[in-house]
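My questions all concern the structure below.
Each chain carries a letter (A, B, C, D and E) given by its place in the written order, and its residues are counted from 1.
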Amino acid sequence: MSVLTPEEWEVLLLSLKVSGAAMACVLPVAFALAWALARWRFPGLILLDALVHLPLVLPPVVTGWLLLIALAPNAPLGRFFADALGMTFLFRWTGAALAAGVMALPLMVRAMRLSLEAVDRKLEQAARTLGAGRVRTFVSVTLPLAMPGVLAALVLGFARSIGEFGATITFASNIPGETRTLPLAIYNALQIPGSEWQVTRLAGLSVLLSLLALVLSEWLARRGRAQGMHHVL
Amino acid sequence: MSVLTPEEWEVLLLSLKVSGAAMACVLPVAFALAWALARWRFPGLILLDALVHLPLVLPPVVTGWLLLIALAPNAPLGRFFADALGMTFLFRWTGAALAAGVMALPLMVRAMRLSLEAVDRKLEQAARTLGAGRVRTFVSVTLPLAMPGVLAALVLGFARSIGEFGATITFASNIPGETRTLPLAIYNALQIPGSEWQVTRLAGLSVLLSLLALVLSEWLARRGRAQGMHHVL
Amino acid sequence: MSFDVDVTLQRGGRSFEYRFRTEKGGLTALFGTSGAGKSTLLDMIAGLVRPTSGRIAVAGETLFDSAARIDLPPEHRRCGYVFQDLRLFPHRNVRENLLYGWKRARPEHRWLDVPTTLEVLGIGHLLARAPRSLSGGEAQRVAIGRALLSGPRFLLMDEPLASVDAQRREEILRVIERVRDELRRPILYVSHDRSEVDRLADRVIPIGAAGTTSPPAP
Amino acid sequence: MSFDVDVTLQRGGRSFEYRFRTEKGGLTALFGTSGAGKSTLLDMIAGLVRPTSGRIAVAGETLFDSAARIDLPPEHRRCGYVFQDLRLFPHRNVRENLLYGWKRARPEHRWLDVPTTLEVLGIGHLLARAPRSLSGGEAQRVAIGRALLSGPRFLLMDEPLASVDAQRREEILRVIERVRDELRRPILYVSHDRSEVDRLADRVIPIGAAGTTSPPAP
Amino acid sequence: QSEGPLVLAAASLQEAMTAAADGWAAKGHPRPRISFAASSALARQIEAGAPADMFVSADEPWMDEVQTRGLLRKGTRVSFLTNSLVLVAPRSRTQAITVKPGFPLARALGNGRLAVGDPAAVPAGIYAKQALTRLGVWDSVKDRLAPAENVRAALALVTRGVAPLGVVYGTDARADPGVRVAGTFPASSHAPISYPVALLATSRHRDAEGFRRYLLSAEGKAVFRRFGFGTR
């Protein structure tokens, strides 16, 4: 399409890649955390809860800075990722995805936890008596009943990751084609006087992306409802 | 206490004031929006939904910039607030509260919507047959059953507002004692080489604040559970 | 007349029709196969399901009339509805459930006091408990108590004794008889238990199979 | 022996004790006042509530033994449990509810086929419906069908016919009798309906009032 | 190597550095990739060991910081650009203001605020504070500031008419048609505004030194002068 300049295309696709990867990696982690917070009772619970909220409370730039300190090539954690998994984050799109994922985490955990806590445990019991083990019960009963929370988590997380700026620029820098996502491109445009039109176009792209995610999620929710999940969706 | 410098005290109290005011003003608005999205079916629904998500999707600086344009003294909306309500936002702590509230809005709406959609309408019907009108039914049945979502919304919103930086500095500026909240003070410290210790102290304060909010909310939730709200909290 | 019902309802591709009148006072039993539409009828009388058209009056007061555009909201109909699925408020304990309607009723409308209710239903020891922790029969008795205490003008009871044991059932039946005979409140009563119906009912309205018309009772 | 139960349970400050044995096969009715602990006993046998101590064996297989540290998870106990509160899966339609256990059962364990179940229970026309839209009796029949189709070794039925109309009840009772006599599956059956118990039960275990011991049946 | 060297540059240099990179690329070299961010963020990334080739800072302290840690390639640090500090007003405002010791800045503000880069953090704000102090007007306006996140944001406040006056770099004022330069601060009123460039110790890119030399060449400096920078 010619409505977008090549650079805009590049930025758009990169943003999609970064947010997509962030969601794919963070979803299971966030779900596991939500599960632990909803179902387990252990002494460190509130500390874990606080830790999950951290990226929400701290200014994004500080989160980015902490990531930088933790994952620097010469830091222990950074060395572990580099040596054991061959993953480096600094100045890489994977770093942008990590930053976006970390910033989205608290929102996703809360939404899923809310839905998990509302699941009627008696229905899980019924599934067990019908021969479903823990895992099958989880997959066939708990997860579908918590689906509204999972969908909400995905929408919130995706939107948040599309808009993520501070942690990304601090941790992954602002490298064209590698870590310059939509918000960073907007930041660049904002530095140039008289570039309102470009800012508007890029912001419009962000809005469009998340509108798509929103429509998709509402459609999925509606499909769920149509299948009889009246009171859950 | 002498562990904090006078400036740190000032910043801390201001952050509390700003976030507190933001929560107080945004909570009813967010609830009304959550209600509309959960209960009504109207053509513009998905657009309203998208609008609510906007501050999440856009980089915070852009949101601050949009607020600036909308509420500048010479903009129609800004003039309306100034003339009709005697409220000005620019360079005022009210502006910081507004920015924080707007940024927290999408998170709060989602959490409450999730809980509202899970409320069993049949219980509301039962209340009606027992003589409770719409309002009383809402207050005595719907709201308490949606309480987990309201609590989650408050925790998320408060944490988000404590961490809000980009929209605040763009819209309300960084004026000591008036709009310099914790994240803005942290930003200042971050710009100065060798100020890591100060950044850490201020970040620690942020974390402490939201830890308090978290503990408070868990305590409220537990109290609710103790009162027999087993399946809702 | 107690119940004067003449309504139709279209739902899920099926059409329901109800037409019957009963004399003043007494207990009217609804008898019919499962899925015939008994609970649906009670929901319409309570104002929870809106009929497609028609008219509903109870003890002389018109509750719904599609022609006259009358549709009293549920809270003004003053029906004591014992739901088939109970619908106890999960966030309130037994005491608060019982008193929910009682508190909202005008004092002159209340015709049963709390101690008597607790006594008859045998639920005095459950007051501080959460509904979720009640046994099936206990929950059912709380639901009956909640409806009776709301000072209703008439009662809608949907299988209220399904899970209640024989001994307690006897005591509750006696209370229902007193409401019927002394207070002369109209009662609409759904039960699959022939002996219960035989004992209580002044008349039986058969609710026909799926979608058919219920002929007016004599 | 069908049921060999000797357990105690401490809960909410009350203590429950159950001790009884029944001969092989046949239907055992549990009879007792509301709140006596009948559903609690079924929950323990199904593996949903953990006894404080004791032993549970059904048809020769030990399901729970606190001394021997045996506690079979519910999914390995193969009980067909009709819950008092039904517990249909709200996110699945009637067909999926019915087949939930059936799909997970080994083919050689299934002893009832789907068409027969639908026929007997009269729920063939409800397959595509959401549980929430079912009438009380319809939901109860689906719950019975779901339990029977899971190919259980024994049945736990908690007031399975409370909301089922007389005619349908007759047909279902006949099926239960067939399961009892031809398949010789042990059945534990809770009902407040004396006539139902008289007709079905080979023996009746009285569950005493709150917290008392149930003496072993003869 | 098909990819150009990775340059970390202060955000306020964005237009000029981009043009310089274009000029370099036009000579047949792979185009340098430039990451624009606040100098502080870039310096921290370098300290964390991020693999970049060149750093162009908006002020000297952050370059000093990086240098003290031994992260610069020896002998490559050069302060090559200068800038001026100006007082700007919205285009619509015609009244002239002479910037001199004791000039009536507070009166000129009316009940508005003076837009500046945050004097506690942003280099432009730090220079502004120095200049206003030297001219003896700081005390009269220090409670009437609108400190912004960076110079461009301060500029935007003036462009939008939210603030009646602002203190920004000459380069910023020049680039924005929405504002008018109301006066220029004497160079003696503040520390020299200078932009240092240096190669990083970890740089492996064979083009990096070439690009640095290009920036320092007459041709490169001409590019920066086009955008209003002074060179030395």
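Everything below uses one rule, namely that a residue touches a chain if its C-beta (ideal position, glycine included) is under 8 Å from a C-beta of that chain, and two chains touch if they have at least 3 such contacts.
Not measured: the values here are computed from a predicted model.
Student: What's the overlap between the neighbours of chain B and those of chain D?
Tutor: A, C
Student: How many hops, at fewest, get you from chain A to chain C via touching chains?
Tutor: 2
Student: Looking only at C-beta pairs that count as contacts, which pair of chains has more of them, A-E or B-E?
Tutor: Per the contact counts, A-E leads.
Student: Which chain has its C-alpha centroid at the greatest distance from the C-alpha centroid of chain A?
Tutor: Of all chains, C has its centre farthest from that of chain A.
Student: Distance between chain D and chain E based on Cα centroids, please, to the nearest Å.
Tutor: Spacing between the chain centres: roughly 79 Å.
Student: Roughly how far is chain B from chain C, centre to centre by C-alpha average, rounded to an integer in Å?
Tutor: The mean C-alpha positions of chain B and chain C differ by 45 Å.
Student: What parts of chain C, by residue number, touch at least two of the other chains?
Tutor: Each of 85 in chain C touches at least two other chains.
Student: For chain E, jot down the residues that touch at least 2 other chains.
Tutor: Correct list: 153, 156.
Student: Name the residues of chain B that each touch 2 or more other chains.
Tutor: Residues 61, 65, 166, 187, 190, 231-232 of chain B each touch two or more of the other chains.
Student: If you go through all the chains, which pairs of them touch?
Tutor: Applying the touch criterion to every chain pair yields A-B, A-D, A-E, B-C, B-E, C-D.
Student: Show me the residue ranges of chain C that touch chain D in the complex, using the header's touch definition.
Tutor: 12, 32-35, 38-39, 84-85, 133-138, 141, 158-159, 162-169, 192-194
Student: List the residues on chain E that touch chain B in their complex, please.
Tutor: 38, 40, 43, 61-62, 64-65, 113, 118, 120-122, 145-149, 153, 156-157, 160-162
Student: Using the touch definition from the top, list the residues of chain B that touch chain C in their complex.
Tutor: Per the stated touch rule, the residues are 122-123, 125-134, 136, 140-141, 144-145, 147, 224, 227-232.
Student: Using the touch definition up top, name the residues of chain B that touch chain E in the complex.
Tutor: It comes out as residues 61, 65, 68-69, 72-74, 90-91, 166, 169-170, 173-175, 187-188, 190-194.
Student: Contact residues on chain E for chain A in the complex?
Tutor: Contact set of chain E toward chain A: 6, 8, 11-12, 14-15, 33-37, 41-42, 44-45, 48-52, 150, 152-153, 155-156, 159, 172, 175-178.
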